[in-house]
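Lettered A, B, C and D in written order, each chain numbered from 1.
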Amino acid sequence: MALTEYKYSDVIHRCFRCGYCKFPTSFVEVNNCPAYARYRLESYSTGGRLWLIRAWLNDELDWSEHLGEIVYSCAACKNCAEQCPLPFSGDIVDMIVAAKGEMVERGSIPSAVKEFLENVDRQGNPYGTARSKRGEWMEGTDIEEYRGQEFLYYVGCVGSYDTRAQQAARALGRVLQKGGVSFGVLGNKENCDGNDVGKLGEAGLFEALAEENVRQFKDLGVRRIVTLSPHAFNAIKNDYPRLDSAFEVLHYTQLLRDLVRARKLDVSSGFNAKLTYHDPCFLGRWNMEYEAPREVLRTIPGVELVEMERHRADALCCGGGGGNFYTDFLGGSEDSPSRIRARDACATGASVVATACPNCLTMLEDAVKAEGLDDRLKVMDISEIVSEACPPKGN
Amino acid sequence: MYELRFDERKCLGCQTCDCLTKCQYMDIDVETAKTEMRKIINGEDSFVLRQCVTCYACEEYCKKGNHPFYLIVERQEELDIPPLPRPLIKQGVQMGIPWRGDLEVQHVQEPFLDMCMFPQLAGSIQGRLFDGLSIAPTDTRQRAHFFCQLMYLHYARSSVIRERLPQIIENIAKHNVEEVVCFHDECYGTFASYAPAFGIEVPFKPVHFFEYLYNRLVDLKNDIKPLNLKVAYQRPCSSRLSSDKLHFVDDIFELIGVESVEREYVGEHALCCGGAIRMQKYEGRYELADDVQKRNIEDMVQAGTQFCVFNCPACYDTLGHLTARSGINPIFMGDLCRLAVG
Amino acid sequence: MDIVVAVKQVPDTSEVVDVIKIDASGKDIERGTLVSKINEWDEYALEEALQWKQKLGGTVTAVAAGPGEWDDTLRRALAMGADRAVRVDEDATVIDCSAVARTLAALIRRLPYDLVVFGAQSEDFGSAQLGPMVAEMLGIPHAALVIRLQVEEGEAHVERELEGGTRELYTLRLPALLTIQTGINRPRYVSFASVRKAREKELSVMSLDELGLSPEALTPAVELDRLELVPAGKRAQLLSGSAEEAAAKLAEILRDSGVI
Amino acid sequence: MDSICQSLAEIVGESHVSNRPEELYVYSRDLGTAEPHLPQYVVSPRTTEEVQQVVKLANREKIPVVPLGGGLTLAGLVMPLKGGIVLDMKRMDSILEVNERARYVLVEAGVSQGKLVAYLDRHHPNLVHSEPGAPGQATVAGNVAIHGQGDLAQPYGFNSDMVNGLEVVLPTGEVCRIGSCSLGQQWFTQHPLPDLGLFLGWCGTTGIITKVSLRLFPRKRIRDMGVFVLEDGDLVPDILYRISHTEMAGDLIAWSQELPVTVSGLHNISIFISGDSEEEMELKRKLIRVGILGEYIRSGTGGLIGLSANVRPRLPRRPPVSTIQDIKKGGGFEYVGAIMPVDTYPECCRRGADISARHDIAYTLLGRVIGRSHAMMFSWSYVFNRADEDSVREAREALYESDDLALELGGIPWKPGVYGQRAVMERMDPNTLSLMKKVKELLDPNGIMNPGNWEVS
């Protein structure tokens, strides 16, 4: 495709590279763009990326694995969109996704991205693990299959397959049961939600996944959905409706907030810890849900919530977005965003960093280990914290 | 060209001269008032033309249905004694020049709300009170095409109003609506008072925003949760051009269960927000603005006001942060009503 | 230059070894739950063929001998850029290599070709015989495990990989047959949309007798007795802690077990 | 990776070196109108030692080195005009020390203006630095290296006059400290030592600044601003002179622009004041409003907006958020800033508006007072559409004309691009010029530092 056919050909040159996109609102650090934080080269900043995309579409620059990595190192965290003062700020992430889409159509994408997409295509998850093993996370629990309960509990790929995230998936199951929520899961019948597939520019595959999911949900009579992952939440909430699906979808922190407000969930056992909360991008910047998780945490006796310097709309992304939790273009350095974030969390003096996203959970867990902070800082999903705060069955 | 329809005989025969004697910014007895009005009518200079703070109030004070304020502004312009410094006049006059694209006529149906210069406030035109309401302009780049121009009465530039108003009226008329609800009562005053006074034809019926709000509230009567608040209404200068609609303020307050506080500067005695006065060039106007604002707000505070209710965005901008500073929440009438119906 | 590429479809066992089960016959795995994909080596063969087509022009034809569901793989080949695809309809799972070779040879003889490329081996049975056999049957020179290819003036200069990374360089006169080793190139990604588009391209199916082959001619020379699974080891151990700590533990374990 | 790249990687680590087309492309382009020039390597060091080793290598191999900060001079000063290594200093961004009592901050060269503002807000609420008003990623070192000014210019002068000490890597690789720090003392002064001002204003042609000690100033609790509007630009110099005489104002900026139409054809003086109490604020407001501006207001020649306890000031963010580059929907913006006598303001505006008109660009003119009306930084700004070659060319020509105009009117282009530098040197006293040349040759025998800039032929 020539630049002229590119959807954003009339805007992409309008980026001046003034650099606001690298900062949080307070300007406190220049590394609030995860990719720029990792490499600290202009090519990896949003502005550099946009200029490179334009040069590539203009045939000033050939495609290379490196160009692919630069474009795909964008974690779609939306910090740039938040900070860019220009009228097109809302389109920046789409400009990058559209460029990824063009790479996908030409067949030229980094190998890791190719694996990700082929795995999802074949096995319905980025890891390429068998579809037949998707339900294994719930072994040993008495979580029911979905058959017309009030809620479909949609787990997502990371929660289903990643051993660390599985713990969160199970914890949420327990909490929902304690809260008397009527829900069921799809087990092996669950398929990838496609959120990150879409952000990787594979629109065709995303559409296919979305259609398939919507069809399955409808066939099963699903009306209300609660998701473990903000990524799935985002796709179902913002993208599925294009396929005239009318599900009510909640992120689980929103459901838990409603439960504690309605006193339907007993968290009286409490959780004694100084704790800081890491905003997942797809819950925060993408869906402006900053309050629900905090409200849930605040209602737990014993929780002392402290904020990191950069939080809410200014939170630093863990670097796992846009498929990077798998493709790992941002890993392998003390400048990796997840490790910077681990240090941010540690600096608050909190003993627990809580999050509400399986991707963030696994990214931060590894980062804390890599930083050798695991004796000082525990990484937990809010579902796990709430689960500990619920008194054991019977009382 | 359009000329002010001012009945000199009525005025010269007037025994009370309320226009000037009631003025809150000039201390004038009836005799002086007669002399000065005669001078003004005859196109001669008068201290009134300099001391006038352009609060519009005399338009309301005059019982004869004459237009003393419009006349004063005419003379200020003719005799070149504008109340504002020239650079501010130039700046103000340029504010009304469209420069970001031609008029884009949106498809609208009635009821239709004219936002004039304030599309940026369209965000508060939401909820059940405004169901089915069409709005224009919605884009700040379009606003100059809807700007009612009446502001230039403060600038001794009535000529600018006359020059531009017909085009503005045509722009609004292009939306093919018979009734136009005016978000700002400056617009209502323009169409209902100024235009007729100068024989400018208005091919649609202006509806005062408060009248619209009142009728909607009546429709939703059963869903109104009384707010039980003590409020004060900040009358904008242009509301002096629509005294007949002033009653809707109290009618609305009654419907939504708020109490209009007992205070001195209310109704006829309302004080100007001070915005225009502060820009004026004459010695002491800056201090006068401070004084007027101080008296106004102290009056509200003493009366136990919780909310200061605004119609005019300019008043809100000038006074809002000051009332807030004194613990009184500034709020637009529309938003207050929204609180009541949710 | 006209190139024929032979492809096959295999079950995706990359990440799922532990779910593989032997079926009742004992001669095949249970394919029910398994997803199919193109044989990895064939993907490199295709990519190589397509890159040479881009450089020198001509056509690329993808061929396969297999059942109907293999059309997915042929479509994928078309989506990657092959001009046409031909499938000989037979159940490749019950016949042996030589029979498949005979079938493909019979098909390829009917096609225009300067170069025939195979994947060096298959993911499922991995016998690595097919290419060479077909070459013999076609009576053309061949080279196996090719890791670099250069084509000019009717000649193919190839580099093949031997033990311990030693390289062998050949020149073959075309037409010739090559079996391609993985890593020779970076196979392009095949987008969902391009697979859809590829539906318009020609995919023809031929029967054995259309090729003049009798079932008898395909009686297996080698008979498969049974398949067995390797029992999974039970002594795996997960190391926790920071990278440094984990490394230290690992070293200790290796030392204790006398590995180092 | 070639051998140079290999050795660079050994110095700063693999992920902080590149000779790949993508990095070379991005670093070959300036945000302004300058033509691109490809570097051969891009390096992003973390420590002074790394910078030192890179420079030693470059000096040995005679490879040009171009230090880069925020890249916001817009004048092409960080373009590798003769190829070589672009040294992106932004990774060296630690704030090393704030001395509250001696009111200075010691920073690494890559610390951004934004980070410094945020840091002081958070940890030293009584201190403030002179913030230049560029986007937040502009660096402290870059700013002093080009003789920048900031929002304390009227009371305290150029930022480069606020430097208490420097650490620099010389073109031959030695690390050298200037000021009290060279005695191992605190970084609190450059005086009374013999003047070694060989690096400020040299735009990276005599060495690489790696550390800067910058003076900080009392930060007042309350800020306020007013805008004084005039039709007659000829009045501006006198009014600025009189306001600065009161010593009550902070930043003083006179500006005139064509868009938005509301302000077209007018001259505005933005007057910033600050204080610790309402009493102090009221005194300052009165001394300026009544004492100086009153007579203009009464005569109707000037109008004041704001500068009152009862008017909410529209204070810009620090650092400000600028969107001027998008006016033409083209993402392009560059200006000629020049240090001018304040008296030339009216002429600067008249002639500037002509230049803009000739090139069909809405005029944007601004003069920031430096010192007590000792000078002003006057800027002629031009927006352009990056995607439209003609638009870029028009802007470039307008910029050249502005350089010439600044000199013609008795001023000096500030941080000029190559064109402006040549114009300056043509007019310079030959002895001064040869002194510059000697200094350069002494410090940089192989001419590796940002070559193509300030080159005395």
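Please note the rule applied: a contact is a pair of C-beta atoms (placed from the backbone, for glycine too) under 8 Å apart; a residue touches a chain by one contact, two chains touch by 3 or more.
Values in this document were obtained by computation on a predicted structure and should not be read as measured data.
Participant: Starting at chain A, find the fewest moves between touching chains needed to arrive at chain B.
Facilitator: Tracing touching chains, the least step count from chain A to chain B comes to 2.
Participant: Would you mind naming the chains that touch chain B and likewise touch chain D?
Facilitator: Touching chain B as well as chain D, we find no chain at all.
Participant: Contact counts by the stated rule: is the higher one at A-D or A-C?
Facilitator: A-D
Participant: In whole angstrom, how far does the Cα centroid of chain A sit from the Cα centroid of chain D?
Facilitator: It comes to 40 Å between the two C-alpha centres.
Participant: Calculate how many whole Å lie between the centre of chain B and the centre of chain C, each centre taken as the average of the chain's C-alpha atoms.
Facilitator: That pair's centroid distance is 82 Å.
Participant: For chain C and chain D, let me know how many angstrom lie between their CA-based centres, rounded off.
Facilitator: Going by mean C-alpha positions, chain C sits 63 Å from chain D.
Participant: Just how far, in Å, is the C-alpha centre of chain C from the one of chain A?
Facilitator: 37
Participant: Draw the chains as dots and join the ones that touch; what shape do you get: line, ring, star, complete or other?
Facilitator: line
Participant: Could you please write down every pair of chains that are in touch?
Facilitator: So the chains that touch one another pair up as A-C, A-D, B-D.
Participant: Any idea which chain D residues touch chain B in the complex?
Facilitator: Chain D reaches chain B through residues 229-231, 259-266, 289, 294, 296-305, 308-312.
Participant: Spell out the residues on chain B that touch chain D in their complex, using ranges where they run on.
Facilitator: Chain B reaches chain D through residues 82, 84-88, 90-91, 94-95, 97, 99, 274, 278-279, 281-283, 286, 289-290, 293, 317-318, 321-322.
Participant: What residues on chain A touch chain D, complex-wise?
Facilitator: Touching chain D from chain A are residues 13-20, 22-23, 26-30, 38-43, 48, 51-52, 55, 60-62, 64, 66-67, 70, 85-87, 333.
Participant: Help me check something: in the complex, which residues belonging to chain A touch chain C?
Facilitator: For this pair, the touching residues of chain A are 65, 104-109, 111, 113-114, 117-119, 121-123, 127-133, 202-205, 207-208, 369-372, 374.
Participant: Which residues of chain C touch chain A in the complex?
Facilitator: By the definition above, chain C touches chain A via 12, 14-16, 19, 33-35, 37, 80, 186, 188-196, 240-245.
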